[in-house]
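First the structure, which I've put down as structure tokens, then a few questions once you've had a look.
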Amino acid sequence: MFRLQTDPLPAPADLLPRADLACGGVVIFEGRVRDYNDGRAVTALEYEAYEALALAEGERILAEAAARFAPVRVAAAHRHGLLGLGEAAVVVIAASAHRQEAFAACRWVIDAIKERLPVWKREHYADGTRAWVACGCHHHGTEAP
Amino acid sequence: MFRLQTDPLPAPADLLPRADLACGGVVIFEGRVRDYNDGRAVTALEYEAYEALALAEGERILAEAAARFAPVRVAAAHRHGLLGLGEAAVVVIAASAHRQEAFAACRWVIDAIKERLPVWKREHYADGTRAWVACGCHHHGTEAP
Amino acid sequence: MNVRVRYFAQLRDAAGTGAEDVAGDFRTAADLWTHLCARHVFPLGAADLRVSVNAKYVPFGTPLGEGDEVAFIPPVSGG
Amino acid sequence: MNVRVRYFAQLRDAAGTGAEDVAGDFRTAADLWTHLCARHVFPLGAADLRVSVNAKYVPFGTPLGEGDEVAFIPPVSGG
């Protein structure tokens, strides 16, 4: 299940049913707001999301991961709005009887989120300015991935 | 920092200082007691540890990971004694500005723990019997790894 | 044809709004983009953008339908 | 030479104890293992085991010192 919310994110383990957690290996990724980027002091981070597309695309990413790395259970949540330093912006959890699949699925989901989820980050700097962050995964062309 | 304890394990994020968590990507692995292994119903798991060697080897594993995947912060904890189904037996946390290093370090540490940490697992079965679990990483020869 | 256009991030800054209803003679999302470029000065070109129609990524050449919600998606930077 | 030997898992079951003080004429950990095999019937052989001396993995050929704590480590299964 994929969640998009302005409230602080839940503990990752709360994203999966307890029964799914009791399956050997659980891998969690948390992305948190850094205090520096490209050498500039960041004071806060603002995330804008296209909610309808983000929710649908988030569910598609999880369904693709569940099919690709089966048997594995995956869930994720992304926050939007204004976040303070150190707060979690995204969490991903993957559970599987085998830790290899759990690592691979968790890694694949966070990579897909960073490439496909319609969320944009604007950094607020110590000098009062702010700017949209250029992503590291620039895309070209006219096809959906 | 490496911990070995009979009490339930702490939340993984509590193993690292808060400042280390605010560094971009945090990857956590939790290994939990499964209810089935090799087709037999497991009711509980008993871990025996050689405490002095486990503590020293655990610290060596973390130091090696910190050097190999720098800059990354790593910590881990392993539980021993009698554990119920679904309880965490081991947790590993890795934090880095870059998620690739955090994933690689977390994966490396749990692999090293499973290969090197002097801890032995005895499964208790529904039929009242119990047995030491054969590890998947059989080692040979006379050299330390 | 009437569609609803949604703007985000740099495109929202450039358009000065998060959404607008647009009427005109365009068949595909690519046609719509050309139409919008005559109304706004966007800092990003089509090669930088993805298109979504009704909350699904689609190719630029996708034909639009009456009442569709269309968004041109700047490079994302979530996570 | 006097050493303290620790037993774990299957070796503990076989030795019937978790530790014993052993005195004898052995120079290395390998010598000690041979010595112990004359006292106990172990289900594991040297090829299955690692050796630790004073809480550090060492080669089987490592010379022992008076009072060392030695353990023969069965295949581990933590995690």
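Letters A, B, C and D mark the chains as written, and numbering starts fresh at 1 in each.
Operating definition for what follows: contacts are C-beta pairs under 8 Å (C-beta built on N, C-alpha and C of every residue); 3 or more make two chains touch, one makes a residue touch a chain.
Because the structure is predicted, anything quoted here is derived from the model rather than measured.
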item: Subunit C and subunit D: spacing of chain centres that average the CA atoms, whole Å; value: 72
item: Cα-centroid distance, subunit B relative to subunit C, in whole angstrom; value: 49
item: Distance between chain centroids, defined by C-alpha means - subunit A, subunit B (Å); value: 25
item: Residue numbers of subunit C (touch at least two other chains); value: none
item: Sequence positions of subunit B contacting 2 or more other chains; value: 31, 110
item: Chain contact graph, described as a line, ring, star, complete graph or other shape; value: line
item: Interchain contacts, given as pairs of chains that touch; value: A-B, A-C, B-D
item: In the complex with subunit A, residue positions of subunit B that touch it; value: 11-12, 18, 21-35, 85-86, 97, 99, 102-103, 106-107, 110
item: Subunit D residues within the subunit B interface of the complex; value: 6, 8-10, 12, 30, 46-48, 50-52, 55-61, 69, 71, 73-79
item: Subunit B to subunit D touching residues, read off their complex; value: 31, 47-50, 52-53, 55-57, 78, 89-90, 110, 113-122, 132-135, 137-145
